[in-house]
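To start, I am sharing the structure in question, which I have written as structure tokens.
All chains are identified by letter, namely A, B and C, in their written order; residue positions are counted from 1 within each chain.
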């Protein structure tokens, strides 16, 4: 039975995709899960996997061409199967409203006994059933395998209220069901949330080891914005636009940091720690000491993040993207260095997944390598601030009433005044400066 | 080796197994207390006229005739689709309800089965409310919720109308128990067909009734057929009155085609109940001229059998007795008949005009204390 | 308040209502001279005499129907079934007569009667003596069904049932007759029918339990508390009319429900509660409602098999963990 391959939804905001490259050509045998094509979305180039077994019979959208979500872009079938009817339906298909589900099947010739393409069958994907005595039946396939979204009614409602796209989430319930705690995770909620939720269960979850890389945004807590805060926000927005920026600049003596970097890299040339990697780590450490800065302005609440997830602006050919180093405060410098390198590499190749470039709690932008001494950066909403980092260069400074040469670096923090005030930002920068000027603080 | 083969069965067994009774079998079903000879029956009945005044006699006659006309009109209305569901007619048995209920007071209780239009009317319920109930109308005695099988009227202590065979027998026993408990001298009449005697509820009730001495008169209306199955084919020992011996209860066989015989037997039983708190079982032998219900094909009995019993029509018999005794003339009979017809026509008109129950009524009367809202 | 057994609490309720209303009488097998097969009616014959405390023959259909008739004629009978297993013989009168009389008489004849006795499992009394029949009776509009889980509830609810103008099926639990608890002595103490009680407040999951399962659920909740899961335990107490509001309110708070019941699962009260929750609080559920029911088999005799057929603390704990995604 032939199967349609449709343009899948690969990012939360994707409406159409461009075929960057077909990884199979017509006549090739494909099996389920095998990469079939690379698709350019609005944000990244993603691999699309085959959802059925068979032969790639027909490619309908050529490399470089685009198709809206849900449109048939190819047909997988058996070698000698008649697919003309399906192809004739393809033009009509284009007119139909797109559906995010993949691989809809059309009943076709039934006489075949060869291994058939596995059509998507939504019915059995419903989460596990119970028998007459209430015992669990055999586990059902996961939501990820099926492409169908399985979500608890509560989680669906919570997601709708919070404006979360469920497709961005990985369900942790049976069969990949997205459940309340997944939404809570997505909302980055720390302990002590609304009384109506279940703090104890949250705590249980929080102490569970979470192997591997952390996906998704940091847990957080929302605290209602005070009346004065909301008035300030309203007036500033009137004056300065939706995100009222202000800027704080400071100059940091980087000699000890530069020295530390040299010492570390001397240990092992493979480490290749950059000054920027150290700044990421220090920013994260400083953020944890200043939670008011690790925050964002929501409509009626100030959102305080539990982790320091640092967005690192990476210049790519088409512009700018900010991959996120999750929990940078908890990672070693070598981990950060490796991760930034890897993320930047994939960013340049447009291979980042959506969850890898969204949901930072704070961002940094470094133009030092371009010889820029000082600049201001634009906040990436809804983050509360971004730090613009200039070049480290030797400058004459006064120390103990004497002019000496020091490795100086100027940083400017752009702050969202709705959530961060001048003094708050200044205190954060003071901590940042203290650590960078004496990086031993990182280990005490 | 001695196992009987089907082929060895006697022709007679096979025949009765088909469910069709021949003339001969029906003959054997005839009951001794129903006098075969019209003249003999009339003589017996005339002997009972003596103690009763003309008004009482005419009242009995009128009630029987009224019920006959009512049932005829019910059949007509049923065929016109005005009455739904089941409709069990009482034609042929009028002497039983009228004769027995004439022997009790208004505050005495009556409970019966689903063939109960006559008992309701005899107990004093208005024809209008009974007919409107058959029509499923708001003006019905049960507000249109009970129907032909569930007539009730608290004003005349008519406690239903029960449609599970024998179900009313324990209920009536309980009503009688309650009157004794409260120390009143009320009596309860409990009617049921002969087929109900095969139910456990009959035996359980009679046992308790005598054990606890409750003032209940159990009136078995033996019309010889439980739906389409004759007594002979359903009861191992068919002298129902004698079953009372098993419980040491007083009992009588009564000619159910003689309204005065029924009345007299009931009077004896009621006195026993009222004065001594003792139950009685009356086996009143009668015959229904119509089918079990309006949808009865009637293939289980012969035309000849029906005609034979129609010779003993209780209304014809009573009319003849009264005429011969000089209580009543042809002119009176005609006048009584037109009065009965008029009263039934009025009931039909009332039932026709009565509105359907309000839709809200669907949810009323489920609970006396609904507890729909939890107290705050 | 005195601490007494459920058996004594029921006895108090009967005694107080017999004293209060001359129209109340009690009948059943062995209720009088024998002093009650389970001693619930102990001493009542002595105080009230054989007019009002009546030993019946073993004739369940008969005396159930007699009770309904007496109720129609103005009395307030309390009909004891030695166990509810025997009420099966009387269901014609309970269902065809008691439940429907008011309706089919167009509101003319109410039936203020209580059918009471122990139901559910006892101790190794096997298949015909261990049945939880509440779903049978609760199915029928016209009947009220009550199942107490504490001595105080037993007393307060039985008194309300006797005073109620509708037929009430009052199912006790033989295993609980000896359970002790504080019971008010005030003769005016009653508990209204149709009101659930939150037996334990909690945040993370709701356990709906009735009768025998209430103490089991409370034990499970204690264990779960130690595991960091805070459970709300709700006892509906009246199965019909069911106070679903209290349950739904709780579900909206906890988002997770386990229904614990001794009865068979199929077409049971738990199935009904589960459906009500689905209909009224679908968007608040984080997991499907989970039932913990008695085994779907006739009750076996052997002790080990009987134990397997009755829901346990562990099963409820596991079910709560499952709906909380902790497994």
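Convention: a residue touches a chain if its C-beta (ideal position, glycine included) is under 8 Å from a C-beta of that chain, and two chains touch if they have at least 3 such contacts.
Note that the coordinates shown come from a computational prediction; the quantities given were computed from them, not determined experimentally.
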Chain pair bearing the highest count of C-beta contacts: B-C
Farthest-lying chain, centroid of Cα atoms versus that of chain A: B
Central chain (by mean CA position): C
Distance between the centres, which are taken as Cα means, of chain C and chain A, whole angstrom: 55
Length of the line joining the C-alpha centres of chain B and chain C, rounded to whole Å: 41
Rounded Å distance, chain A centre to chain B centre (Cα mean): 85
Of chain C, residues touching chain B in the complex: 25, 51, 54, 56-57, 59, 61-75, 77, 92-93, 96-97, 101-110, 112, 141-142, 144, 164-166, 192-195, 241, 243, 245-246
Residue numbers on chain B that touch chain C, as the complex places them: 109, 111, 140-147, 150, 152-154, 159-164, 167, 169-179, 181-182, 200-201, 204-205, 207-208, 211-212, 364-372, 374-375
Residues of chain A touching chain C in the complex: 127, 130, 132-134, 136, 152-157, 172-174, 179-181, 196, 198-201, 203-204
Residues of chain C touching chain A in the complex: 203-204, 228-230, 253-255, 265-266, 282-288, 290-293, 295-296, 319, 322, 324-326
